[in-house]
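Right after this note come the structures.
Each of the two complexes below includes chain A, the first together with chain B, the second together with chain C.
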Partner chain A sequence: MLTKRYEVQKGPEGYLPPAAAMMGIVPSEPGTSLVEGQMVLQETAMEKVADALLQAKNPVFFPGPLILWAWKEGVEEKAQAIKELADAAGAKIIPMPDYRPKYPMINPEIEINPNHPNLTIWHNNIDVCLFVGVHCHYANIALKLIRGGTDCYTIALCAEAGHEDAMISLRDVGLDQIRQITEIVKKRKETQK
Partner chain B sequence: MRNLFQVSAAFEDIMPAEYKSLIENGPFGGDKGVTDLGTFKELLEEHPLCAGCGLALSLRLILASLPNPEHTIIVGSTGCSALAFPQAAVHNIHSLFGNQNAVASGLKRALSLRFPDVVKDVVVIAGDGATADIGLDMVMHSWFRQERITTIMLDNEAYANTGGQESGMSQEGAVLNMAPKGKNFSKISVPELAWASGCAYVAAVTPANPRKLQSAVRRGILAARETGSSYIQVYSPCPTNYKFKPNQTIEKVKSREKDGTYQVREYISDEAQLLFDRLEEVKNG
Partner chain C sequence: MITQKIVDPEKIYDPSEKESLFITGSEAVKEALRRANVDMAIAYPITPQSESMHLAGDLFAEGYIKEYFRGENEFAVMSSVAGAAMAGVRVFTATGGPGTLRAFELFPTWAGARLPIVCSFMTRGINSPLTIQPDTIEMACLLDSGIIMLHAETAQDLYDMILRAFMIAEKTDVHIPVGVFCDGFFVTHTRDTVEVAPAEMKLPPYDAYSSPVPAMDMENAPFRHMRDPFVMKSNFISYATHASWQQEVMAACERSRKYIQQYLGSLIETEHPDSEILIISSGTAISQGREAMKSARAMGLDVGLVKIKSIRPFPEEEIRLLARNAKHIIVPEFNRTGWMAREIKSVIEDTTKVIAGPRVFGGMTMPPESILDEIRRCSK
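This part shows the complex of A and B:
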């Protein structure tokens, strides 16, 4: 039985870290989010996302196939909103176009792969990353691997139920929520001037 | 193909070149074939298979022969080919060893319900162990049921990535690392089994004749769309386990064809022949 509440903190946690779900972290309720494993109001989590991005030395967005490819109506708008958020936060964007475990290896300079995400994080010295548009299964794998092998702080903007393995996990994220985070980032930057 | 595969405009500048190349100069759209190899971005480029692997060559030719790769789902199984499929830029599913035709049957039926207005080709590509030994019951029952799928066997006549055991497709007398006394019975005649099981189109081909291989793959897939199950066997010799030099793979194929121990052959049902004739007429205007 767990005696201490598990906190989803940045790693490196070591080889084969436990899935946060195994340590008792459950998905947040609709309207709420997870920050380091604790359920908070979504607005609070949005503030935390803005803080993490603006305090980072090298924040990077990892858009996945669900947003990189314009496969259905509405994706283009969401992609544009993510680009605007990245620009506002001064973040670089490195894509995850598909999930093939490429042989002999990916080029970590220009892409990230969920099967060995650490290569891209180590190569580019990324200290904060943001996942968006990555299918649930691969997001969970990659987020766990990152926690296991790097000290990168992870954020997941998820259109579904969120990802317990991210340090900040927002669920049900649509166009409005992305724009809301962008506004918070812009306001923070204004007050920092 | 930009309608089907389109990068979100906001991310066009950061998309790696290989993906842009697949969209702009890939095989999608069905107008590329084996004679165009070297002029377009292929679905499978780098892979971890052995030097001179006959299976890798066959796979490359099969993928270049797909009539509609953007709407093709490949179902694979355990074996050497399973090492290459994850690298291929085409939808593929790895099934449990031997289950591939059962998985493909369900997948084809589900796709027909989900996309009633789009033709989705479900193509099983598996080794001889998965097709003729461990999965033979699933394979044959899919044929008995006339599932609208194409089954392609990459026949390297061995369990090649587990040290070299004999398979049902090894020749009688074949000596392998894990079969030192030589195989005691003959190679299974799977094309004849497929024909007797009711397949509408059956072919045994080799990578030594890419055009013939392409024709078989396309006929097999077209027959599966319109008439019933189809089966294609591709002899893909293994230099690692049969201990010949990697640059002798095609030579090996040709010598087996010449001495009659691997016979290229084709069986076409009347219904499938009518279909091919009709398509040929349309093609020729």
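This part shows the complex of A and C:
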């Protein structure tokens, strides 16, 4: 029985951290998001995303196949919007082009892989990362491995039901939400000048 | 075939106009499939399941199911079903008893590959000696296979659960198989009144583009993993990945709780839940328990009933809270191992309250009097 509420905090959490869902963290309802395991309004989570990105020393976006390839209408616009968000936040982009385990070794300079994401994070000293366009199963696996073995703060912008294993998880994210976050980032930067 | 219209699932689950049919459990499977917009059904006969997939074949002949064939055996069927689901279609099959065990390797494979297959298990005894009679022991084998397990008490439950199982299985954050279990013969071969939605309605199609894994592609996982599995590599990273993968499958099952609550109301149903004596079980054992409860209450005894509908995920918190108030918990079961009693003991605080029985197996019936005897012993 859980005696203390589990919190989805940045790691390294340990040798084999649990899946957040098994520790009582419930996916957020439509219109809401998760921040460190707590359900909040989506607007609040967007502010937190902007804060995390702007306070980071080395923020990096990890776009996955769902946004790297123009496989259906609207994806190109969404990819463009993600690029604009990354530029606004001063974040680099390292793609996750597919999910194959990379043996004998990955080149962490140019890509990240869900089966050993920690290698890319360690190599590039990434302190905040943002997942977008990664199939949910692989995003969850990678997010948990990152929480287990690194001190990287994780953000997931998901087009489906979101990811409890991320420290900030937004669900049902489309073009409008991405642009909204970009606007918040830009406004924050203006006020910081 | 009549012309069907795709409607919101809620309209099928709770239609304003219902039709009452007096049908067998196998026929209830047919009526659920008729409304489920199934792309493909693959069959292999085994008693007591054979009739349900035979009737699925009738639906194919009538045009309600797009593709249907008989596999070489249960292992082949479950493998073919996996291929169909990986390719992105809504697929259904059914088996039972020795058929379940013959195909066993595929059930955790389905879950691990995040396939939203719906399979009905019409349970029966497993060898040896050979029996075709009702028994729920195969469910014990499947408890940790990674699939969602719903247990139907009646033909109505069977219809309801199959029709809802597709929606639960296909949620992006769940997307693992759902097994809908019923007790062979008791449910499959007896007639009962089943309320069904109008046959003009059918569920929305499966949207494979919302899958948490890519559709079948030899260069992408999970296919690539099967061809070049990371488990074959001897290093910490490959072990950690595999562990994380398995944790994610368990997490997917955990996430299904809210959808089971949405579509089935709850993971349990209760009658007189604050009673001193609770009968807790699932399937037709709970039907017998209900008769015993009625007799006991007529005698002035304080007895209630808890019907467990979802075996995986297990209603841990619900059972723990109910058990706190009870003095005795009687767990009738149709198997020799008492797996349900073990499940209940694993989640409650005082396990000495649990009476793991009565249990019958090998095809024996369970007279309500045998449960009443336990109630009388507890009441002394």
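As a working rule, the second predicted complex is superposed on the first by the 193 of 193 C-alpha atoms of A that agree within 3 Å, B and C clash if a C-alpha of one lies under 4 Å from a C-alpha of the other, contacts with A are read in each partner's own complex, and residues count from 1 in each chain.
The criterion applied here is as follows: a contact is a pair of C-beta atoms (placed from the backbone, for glycine too) under 8 Å apart; a residue touches a chain by one contact, two chains touch by 3 or more.
Just so it is clear, the model here is predicted, and its values are computed rather than measured.
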Looking at A:Val185, would you say it contacts chain B, chain C, both, or neither? Reply first, second, both or neither. neither
Regarding the shared-chain residue A:Ala21, is it in contact with chain B (first), chain C (second), both, or neither? second
Please indicate which partner A:Ile141 is in contact with in the superposed arrangement: first for chain B, second for chain C, both, or neither. second
Is A:Arg100 touching anything from chain B or chain C once the two structures are fitted on A? First, second, both or neither. both
Of chain B and chain C, which one touches more of chain A's residues? C
Which of chain B and chain C A:Ile110 touches, first, second, both or neither: first
Is A:Ala88 touching the first partner chain B, the second partner chain C, both, or neither of them? neither
Looking at the overlay, does A:Val132 come into contact with chain B only (first), chain C only (second), both, or neither? neither
Identify the residues of chain A that lie in both the chain B contact region and the chain C contact region. 98, 100-101, 103
Please name which positions on chain A make contact with chain B in the complex. 63, 67-71, 75-76, 79-80, 82-83, 93-95, 97-98, 100-104, 107, 110-111
Enumerate the contact residues on chain B facing chain A in the complex. 5-11, 14-16, 19, 46-48, 86-89
Chain A - residues contacting chain C, complex: 1, 16, 18-22, 26-27, 65, 72, 98-101, 103, 115-116, 119, 135-138, 140-141, 144-145, 148-149, 160-162, 164
For the complex, give me every residue of chain C touching chain A. 114, 171-173, 175, 209-214, 219-221, 224-225, 228, 230, 233, 237-238, 240-241, 243-245, 247-248, 250-252, 254-255, 258, 320
